[in-house]
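Mind having a look at this structure? Questions to follow.
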Amino acid sequence: MEEKTVVLGVIGSDVHAVGNRILEEAFSEAGFEVVNIGVLAPQQEFINAAIETDADAILVSSLYGHGEMDCKGFREKCIEAGLEDIVLYVGGNLVVGKQEWESTKQKFLDMGFDRVYPPGTLPKEPIADLKKDLGIEG
Amino acid sequence: MKVENKRWSLDKFKEMRKEVLQEWPTGEEVELEEAIRYHQQQLSSEQVMANRLAEAEQEKITLIQPRAGVALIEEHIELLEFLHTEGGADLLPTTIDSYTRQNNYQEAEAGIKESRNEGRSMLNGFPAVNHGVQSCRQVIEALAVPVQVRHGTPDARLLAEITLAGGFTDFEGGGISYNIPYAKDVSIEQTIYHWQYVDRLVGYYEERGLKVNREPFGPLTGTLVPPSVSHSVAIIEALLAAEQGVKNITLGYGQCGNLIQDVAAIHTLKELGTEYLADYEDIMLTTVFHQWMGGFPQDEAQAFGVISWGAVTAALANATKVIVKTPHEALGVPTKEANAQGLRATKQVINMLKDQQSFNGEELATEKEMIKQETKEILDRVLELGDGDVAQGTIKAFEGGILDIPFAPSKYNAGNLLTARDNNGAVRFLKHGNLPFSEKVVDFHETKLEERGAAESREPNFQMVTDDIYAIGKGMLVGRP
Amino acid sequence: MKVENKRWSLDKFKEMRKEVLQEWPTGEEVELEEAIRYHQQQLSSEQVMANRLAEAEQEKITLIQPRAGVALIEEHIELLEFLHTEGGADLLPTTIDSYTRQNNYQEAEAGIKESRNEGRSMLNGFPAVNHGVQSCRQVIEALAVPVQVRHGTPDARLLAEITLAGGFTDFEGGGISYNIPYAKDVSIEQTIYHWQYVDRLVGYYEERGLKVNREPFGPLTGTLVPPSVSHSVAIIEALLAAEQGVKNITLGYGQCGNLIQDVAAIHTLKELGTEYLADYEDIMLTTVFHQWMGGFPQDEAQAFGVISWGAVTAALANATKVIVKTPHEALGVPTKEANAQGLRATKQVINMLKDQQSFNGEELATEKEMIKQETKEILDRVLELGDGDVAQGTIKAFEGGILDIPFAPSKYNAGNLLTARDNNGAVRFLKHGNLPFSEKVVDFHETKLEERGAAESREPNFQMVTDDIYAIGKGMLVGRP
Amino acid sequence: MEEKTVVLGVIGSDVHAVGNRILEEAFSEAGFEVVNIGVLAPQQEFINAAIETDADAILVSSLYGHGEMDCKGFREKCIEAGLEDIVLYVGGNLVVGKQEWESTKQKFLDMGFDRVYPPGTLPKEPIADLKKDLGIEG
């Protein structure tokens, strides 16, 4: 396959590094070019990395519960920066507390994310989705 | 700035203090002499952590403590009261939110506002700095048991000033344990320096006859951290703290999952701690065992299994206290009910086990011996690198990967370690990076992992590590293929 | 009638059989040869209990099994399927209702009707006799795993005929263990005789090349039963069964709560069993550990703690299977959801522990030695009383209180024992009644209880026993004053 | 106090003997004359024992879940037998399964029991109640 680039990172004041490390391994092994900006990443850093590397997708992680606040306006900022078509995924423990998943998902879809993943998602699911969304043959 | 492990003069401390208190308006509220009077006059002996820990140590019982914190004062008090009465928590926490931990008081302020608007906590903890001294005292005064500040703040100087003045009697963290797992861009030098401030502050309270307990954060990244790695960090932080006048120290360790390794870890933590701190007088060392700190199963019944297993180990190891997880762990910050459930399951187990004999035997002895040897090899090298100065040694050791922590976000961490479970589920070194291990130690770990590799007909590698990381969440300890 | 431990002739068996099958109309459905063909042709190897147990024994894993039974067929199948898929049960049960256990088929019939009317099970189990052979087969055929009959029926002859013909491959109980804790007025002679029938029936299946597992009910009254007491009963029942041709036997033991005692109990159960059954060929012995069988805490979180502690012990003792309790235990027959929760918590623990080393050490060795010595002292005396005949010996032993079970309802039980926990929570004899113990054994128990008495500044007496009975329900193991 | 007599037993096909044994000890120690008919006791046996001993109260235990069926008509049978004024208590795990306590209690009150006790009741509560109901000075 033609190599597609994804930017990976953990947004906001969040330091959960383990899932991020595993996603890096898994997406690399699946044939993606992975640009991992790591933890404690502000929105702007994701966008800068995406522009610099001409990325096809941004995968945002938020584990620590502040995802709702940290992700506000992310899609708009991408558009402002000229990344109109970039694929945006978000996943992790997105809100504070154990909450009804459907409404959490809707919240993030409304913010403009293309796909939203619940806690405990294994890498193979977003990998398959991303291949589909980027039109890569499995 | 050259950070050395030397007790700060009061002048040096007070000079820095001026700046610290200006970081956020609530800093103005802090007056050291007034705070000391507050501790002396307003706190009963039962509200002082070190007293409660000393009692437990003597009675050989294991106390239970949750994690908990929400954005607003009343709700926070209600939460803690609930955990005490409905959960049977012996000790209480105040978990600080992640914005405060990164000194983003501005965002914490926004979180407080949003929480008021939304009618639920939008912060994952209690923003103590924003609330200030008087509000902290409201919390302390509402509760009959000691309350500890639990956080993960690389620069916790202002937080310490405010919460200690606010009547908290225990403060978690340290220059390594609250940096490497909790930060990306902060140098070790910087955080050791900032934590010397915190320890000096505590030392000042101690000089004035007050007991303020300190607790290095044992579990680090909570992810396959072998005992000798976390023991080394814990002992270094204890040495740094003791030098600044800290007298009451709780050494921590996060459950790995194998009973013998975990019991050996708690035993050696205390023994090694005593050995290395021998030069300091009047130190009270206690231990804390953290129930499994890695990924949890989502199913609540399975989570209860993990929680109870942690409780069993804490009791059999006779840790002074155990930090309790909840059945919501995999999903989100727990409701107070879920938190109390974790506590009650734990208490049941602890109480059923408290009278039972501890077990001995060869396996335990071997495990203890290995942990001690490994830890000493690391610590001796650290001291050597610092020419006897543990602060300098630590800084250099991190540079050279002599101290190294698995899965840490910090760029000041070498990140050369790879750890995995052996065939019995004990955590071993797959790659020990630059840890200064003798051949005996290296061979021991290699043999253990080869044993597992053979059982699984595969080479020990990163896939094995990944499998182990997912394992408990999927209902196993060892991540078999 | 003089009951002897002699294999029944086929004629004797068939003669009694005629009567047995007439006890209730469904008896007519049973045809032995047809039943044997059914087992041969319709049951897959995975549906046969003995096969699954043999596998587990070889792999050194501990299987999990719930208790469960409701009044109506469809609901019962649904329940068992749920426990298999949602609970992860490795083995399934069919718990029989209490009317059937007392051979009150009339009342069981009323219970079935009332259950239909009320739309909920009005029976505390599955009335297999009333449902008959074909309905039992419906249950068996719906499930991919082996199913065992679990009950508490002093006279289980018809129940055995119907359920074995119905495709069940495991049958719990025995002439002592399903009499003394489950009856008031039935003589031991009577029940041994009736259970010889059941064992002879199973022996017949075995002769025809089919495997039907038998399991003496280990926990007895579930209330402070010391290991040597239940071991003696288990081994006697195993001997009686083996004589009638039973080949696959699971020896049981109910958790007392002290880890070392419980691990020692499971180890010695297997070792003693092997020793005493040495004269019988081709016997497969396995073990079952019952999670705490006494009073439970009402709080579900605490109950999870008790359940998990049982799971820990089962795994560390490496029992072949563990019978699982539920978070509803203190309150009532569990919902299927609660039942599955107990299973999932247990499975999580078992899986986390299955790879771990077992521990050794002196305490375990002492405990094992004592259990063995006590059991042998009892069994040797029983055999002596019967002039080598274990059936006769048992009858006489109960008369003389040489065999005696704490808190049993039966008037054929001497009821002279009083048992209580020692200072570590192990169950000891406070009054050993007429148990034929040597001075060494008596002293051992006395010393252990004096130790506790001293710690609590009180004489060991009935109050201590009562305190211990309530203890786990109140969140403790040892009932301290 | 003047000695009052209570009949104690476990009704129906129920063999749970432990609570029964403890109740016997506790009521005896509290000064009652206890007539314990033990487990597996039919209604008639309670009534016979009460008549024979001129008892003041009958305490029925049911643990195993069939209490609802086993206790039906108990009060009527007492009246028929001439025990119009006898105090009737029932306790244990009265119904099958974990059910809402208030409705279970009402069910047994409706059957004519004077007091109904939930699982986990400690002896001191019914002892105090019985002293009150029989007019005994504490």
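Chains here go by letter, A, B, C and D, matching the order in which they are written, and residues are numbered from 1 within each.
FYI, a contact is a pair of C-beta atoms (placed from the backbone, for glycine too) under 8 Å apart; a residue touches a chain by one contact, two chains touch by 3 or more.
The shown structure was predicted, so the numbers you read here are calculated from the model rather than taken from an experiment.
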- Through how few touching steps can subunit A be joined to subunit D? 3
- Task: Provide the C-alpha centroid distance between subunit B and subunit D, rounded to the nearest whole angstrom.
- Result: 54
- Inter-centroid spacing, subunit D versus subunit C (mean Cα positions, whole Å): 30
- What positions in subunit B touch 2 or more of the other chains? none
- Note on the structure: Where subunit D touches two or more other chains simultaneously, the residues are none
- Task: Could you draw the chains as nodes, link the ones that touch, and say if you get a line, ring, star, complete or other?
- Result: line
- Message: Let me make sure I understand the interfaces: which chain pairs count as touching?
- Response: A-B, B-C, C-D
- Task: Enumerate the contact residues on subunit A facing subunit B in the complex.
- Result: 12-15, 17-18, 21-22, 25, 38-40, 64-66, 68-69, 93, 95-99, 119-120, 122
- Message: So in the complex, the part of subunit C that touches subunit B is made up of which residues?
- Response: 257-260, 297, 299-302, 304-309, 311-312, 316, 340-349, 351-357, 359-364, 423-425, 472, 475-478
- Per the touch rule above, subunit B residues touching subunit A in the complex are 98-99, 101-102, 104, 107, 110-111, 114, 120-124, 152, 181-185, 221, 223, 294-295, 298, 328, 330-335, 338, 407-409, 462, 466, 469-470, 473
